[in-house]
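Next come the structures, one after another.
Next, two complexes with chain A in common: one pairs it with chain B, the other with chain C.
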Partner chain A sequence: MNMQTTSRLTAAESALIDAYTGQLGELPGNGAVISARDRLVDDLKTNGLPTRRVEAWHYTDLKTLLRSVPMDAGTGSADAIEPLVAGAHVIGTRQGQIVGKPSVEGVVVGAFADMLREGTAAPGLSVIDRDDTIGKINGSFVRDGLVLEFPAGVTVEQPIEIQALHGAGQAHTRFPVSFGAGSKAVVIERHAQTGEGSAFVSSVSDISLEDGADVTWIVLQQQGADDTHLGQVRIRVGENAKLKLFVVNAGGKLVRQELRVDVAGEGAELSLRGVNLLGGDTHTDVTLVLGHNVPNTNSTEIFRNVVFDRARGVFQGMIKVALDAQKTDARMACNTLLMSDDAEFAAKPELEIFADDVQCGHGATVADIDDNHLYYLMARGIPRNHARAMLVNAFVAEIVEELEDEALVEALEGVISTWLAKHA
Partner chain B sequence: MAAVQETIDQVRQIDVDQYKYGFETAIEVEKAPKGLSEEIVRFISAKKQEPEWMLEWRLDAYRRWLTMEEPTWARVDYPKIDFNDIYYYAAPKSASGPKSLDEVDPELLKTYEKLGIPLKEQEILAGVEKPRVAVDAVFDSVSVVTTFKKELAKAGVIFMSISEAVREHPELVKKYLGSVVPVTDNYYATLNSAVFTDGSFVFVPKGVRCPMELSTYFRINEKNTGQFERTLIIAEEGAYVSYLEGCTAPQRDENQLHAAVVELVALDDAEIKYSTVQNWFPGDKQGKGGIYNFVTKRGDCRGDRSKISWTQVETGSAITWKYPSCILRGDDSRGEFYSIAVSNGHQQVDSGTKMIHLGKNTSSRIISKGIAAGVSQNTYRGQVSAHRKATNARNFTQCDSLLIGDRCGAHTVPYIEAKNSSAQFEHEATTSKISEDQLFYCLQRGIPEEAAIALIVNGFVKEVIQELPMEFAVEAQKLIGISLEGSVG
Partner chain C sequence: MLEIKNLHARIAEDGTEIIRGLNLTVKAGEVAAIMGPNGSGKSTLSYILSGREDYEVTEGDILYNGESILELDPAERAARGIFLAFQYPVEIPGVATMQFLKVAMNEQRKARGEAELTTPDFMRRVKEAAAELKINPDMLKRPLNVGFSGGEKKRAEILQMALLEPKLCVLDETDSGLDIDALKIVADGVNALKSPDRATIVITHYQRLLDYIVPDTVHVLYKGQIIRTGDKDLALELEANGYADIIGQAA
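After this line comes the complex of A and B, so read on.
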């Protein structure tokens, strides 16, 4: 299907390949890692970036949308920021590399750069499938990241905030995280631009939940107005494990956030939520591939999008139910508010079902704010602008409130209202 | 929820080995040489006694087709088709031109009798209470007879085979042919444009409500032939027409290609209702043989307040690749799509619709029910899009799937694209069981569970069935006769 013959490379493609050649010898990695990287770059060279003819990238034609790639700024610096929730354990990367020696009590923290040098990272650099462009780019350029290992049975009370901060230039990070059996934690993966100028960022979080783990994982993307953010979260969920995955997109110029979830243990329970705040002249794509691969698992997915100005939003959500994944219960909803005449949204919620005794459904809506709701508020003396803002806020806040931790809910609501105040 | 026994039994009744229309008619035929070339295109055009412009049109399509690639995006899997191993023209020797019914080869008449298609006008007239249907019968590459032509002409309605129309109403054909599905629309549409052999032409003039249902019955009989039908329906301002299409083919080990193009044009205030009961040979239990049904169907709501509605009951074909669509160009125009697709045995269905909202205040509705059994794969693929200028576009989509057995697959691939903030799109898809509330309501009133399910489901299937014209609804119900308990709610 995805036959592409690229005779000519685009400026961005050449820049990527040049960046790789320029960094040869500098990128950490043993022989196995280097040859894995070479293969990925070769693939990029032959196949190029995906176009709309590649089904998985139908609405995000990366070849056209990615005009240029900034030069690698190497080990540039970025200022630290306040954590989302006071008292959180803050660890992280600056411009794609660990600074100092991060630690969290009760958790084994390592550096991904060490895994690259030792070669243990090599198998993980392989792509998920041929459309895994984010995996290809990240695997080619990744220098560092944090490796977290939550021992079995451990409970980390305070949230852990991973701050992936950067200024202009390129930053490529990877976060392999394993939650041991019965462990419990809240992790915030936060991407933000703290400097100026345009950045090109890729990030892959490679997460596994062992049996009975109970994890809340929040991705908060606050990139700069000129940044390209290619994020991917790969998660394997074990038996009776509970996962709450929450994605907030509130920044970036060109964003693709992929969620690749493998429900691999019976009794697993997943709740996937997303809030996408889109404004300006930006393009944001959230793509979810959720595989229910064993019997008796359930999941709910709710994504709420608000699109202002000339922004374009994309949601692709695929639920796959394998042949023997009987008694799967999966429900997905994607609701969008188009707030401007120039805003666009495309949704592709897909079901791929091979088991007969399942309950699966998806719903998608696209609409403007309900006039009746607006009228109700205005009839009570609330000015139009204010009433609209209230309704938009309510539309997304509903999702945020599902996170039970009050401090967390408040912090995210703060992020949302700050964003809305700026764009609405 | 697993399917109830009643459903399983009924699906079995229409399983692939139960195909009733698999007989072959022994009749002398005239065929074009096997394969595809400019000569063949010229041959077909000559056989149809077409004017020069038509031949040029075909040749242009053929040359463009040579440069195109077969699409591979659908969720269907089949060995590569050798387009040079097909006869592109096959006609019963006795049916070289349009004829009155008395002149038609009795063998052919017998065939249609066996298929239950009424071709004798007087017979139909005899039964007063029976609704009348005008039929265009297409046998392999030619139309053998068109009934009620005279009576329709009185009302100003033109109903004839497209080959006749090319000769008799070239100005109309020239104006509308290819105006909805452009020659290079897609691989199969382009192939069809080059080699189409027959099909129906309907023209309903301004303000006329077509006095009876129109119908075309397609029959593939000859071995190794492809059928390339072309249908063109035009409803002028304020006109109304309801058109039915049926199809069957003999049981054979080889796959046969059916690549049709159907174009509908509705001008201001016109309404076209297009119904299909597609029952091509689906292949045998082992997946051997069957028709490849690669069809492009599209309606253009060109005028304001026009309406086009597609209703399809799909039970046949080894592979179905079909997306009857509506282009809602006129303001306040409306598009509808109702579909029941049943796949069994080794059948593969990739079907759905496109609703392209271009005009203001346009609305569309999609109701699709997929039922997969055996080792079949059943995919709904649909696109709803609102153009930047399509203010107040409305769409409601519901697609439900039911799986019977654990070796089949049901898939839903909707594309929802909004470029206008006043657009309101709702999409719903399920593979879940009957609504607990409705069931509880029935049970509480003393209705046993199975009966309650049947009751609710019957009410539900009606959504699609009731869109079919009466006489077709009966056939469809016989054909399907299934409960869809997985889809209410």
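After this line comes the complex of A and C, so read on.
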């Protein structure tokens, strides 16, 4: 499928390759890292960005959609922002690089730039499969990021907020995070543009949950109106581990957020949730590949999308159940509210099941607001616009409330209502 | 207070005419009962009064305090004091009951140019009204009507009515699905709101509710028209003899 050789590069493709050439000698990395980067850039040069002919990118033709890439490696400044939850441990990157020496009590915190310089990062600068364009771009350009190691048994009471902030230009970060056996934490991975102008951002979080770890991981994407955001979360879930993964897209012009989940330990329990708030002339794609690879694991996936204006949204959800992953229980739902006639949403749920004793299901709905609900609220004196906003809020709030942590729920509901107040 | 003149209305989607030349006057302070067999247009009439957009008025007018309300949407009518207690209140997951009550009360106050309620004032009012109706406070912590039993839903409707203090209360088969104890509580709630400047329209199939909410006038609705009007004895007559006689006389 990727056999075409690209003789003519698009402006964005050329810009990417030029950006790489321009940063030769500047990007951190030892010999092994440099060769890994070179291989990834060569791949981009040969195959170009994916088009709709590549199945994994069918609804997000990156070659066409990515019109330009800012050359600037990123000099814009970015100020810290208020954390989502008061009292959170705030660490992070500015314009793709760590500032100062971040620390969180009980957690070993390192710099990805050091891993690049030492070469320990080299094996990770690889692609998951040949369609892993985000892995290619990020591996080519990544400069820094935080490396977090939660020792076995540690519980971090307050949430940890990783703020990946930037102004205009490029920013490429990577966050390798390992949660030791029995550790417990809430981590918020937050991407936001705090300056002006257009940015091109890629970020890969490479996460492992060892046996019995209990982790809530929230991706909150609040990029600017002209930004391209290519995000990827790779997660391996060990035995009896509990993962709550929650993705909120509330920004960006062109967004692809991939979730690549490997359920690798028996007894693992996963709850994957997503809220996509889409408006303006934007394109947002959430692509989930969830592999149930061992017996006796369960997962539920619910994605709620609200689409205004001329926005386009995509959800691709693939659940793969391996041959010996008996007793898998996996349920996926994707529900969309289309709020304008020009809004679009494509939902593509897929099941690929090799085991014969499993419970799997998926469902997708696309609808407008329920007229009966609207009428009921209006009949109590709530004006139409306010009633509509309440119902949209309710549609997404329902899954936010599942997070249970009151401060977190309140904070995310705040993000949602602020977004809706601006766009609805 | 309410004057319905030669009202004709149909279902917007398929044009089926349901209300066919209905005339009805309800004065301030009056309790009017509307009775009638299934399919006579009782619920439709309540929806039309509230402004539901699934129905089209093709002829006639509805005057409320002397002004036509046909051009007003449901929210505007509610803010002017028209309240419909639904036969089947909808469940709205994700909307917290308390938030809904607060927004509804404050939006109505805003529309009337009154100051919004403070949170303590709001809480106090809800607590008092809920206690009167023997509503379990846990119920108010749930999303709106979600998981409420039939009786709880009806009580929640009357709670909303008590809090919103409307001027024209329309009760659409509020007695359906209620056991006798719940019926008394609901009826007490309705009676507590009785006042010289407030009118109530009680839509019901059965005399039973009218033992507790005693009507000043009783109107029989059949095929979209009021075919007979009387006092509370008319309801007893219907209970004893059914609708057949009256329908026969009208035909």
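Worth a mention:
Convention: the second predicted complex is superposed on the first by the 420 of 424 C-alpha atoms of A that agree within 3 Å, B and C clash if a C-alpha of one lies under 4 Å from a C-alpha of the other, contacts with A are read in each partner's own complex, and residues count from 1 in each chain.
Quick note on the criterion: contacts are C-beta pairs under 8 Å (C-beta built on N, C-alpha and C of every residue); 3 or more make two chains touch, one makes a residue touch a chain.
Nothing here was measured: the structure is a model prediction, and the numbers come from that model.
Touch criterion met: A:M390 reaches chain C, while chain B stays clear of it. Contact with chain C, but none with chain B, is seen for A:I382 once the two complexes are overlaid on the shared chain. Contacts of A:G31 after superposition: neither chain B nor chain C is touched. Once the two complexes are laid over each other on the shared chain, residue contacts for A:K348 go to chain B alone; chain C is not touched. Contact with chain B, but none with chain C, is seen for A:G363 once the two complexes are overlaid on the shared chain. With both complexes placed on chain A, chain A has more residues touched by B than by the other of chain B and chain C. Using the contact criterion defined above for the overlaid structures, shared-chain residue A:G100 touches neither chain B nor chain C, since it reaches no partner. Once the two complexes are overlaid on the shared chain, A:H373 sits against chain C while remaining clear of chain B. Note for the complex: chain A touches chain B at residues 1, 55, 58, 323-324, 326, 336, 338-368. Of all residues in chain C, those touching chain A in their complex are 50-54, 73-75, 77-79, 84, 86, 89-90, 92-95, 100, 103-104, 107-108, 111, 143, 160, 164. Taken in their complex, chain B has these residues touching chain A: 1-3, 72-73, 388, 401, 403-433. Within the complex, the chain A residues that touch chain C are 371-373, 375-384, 386-387, 390-391, 393-398, 401.
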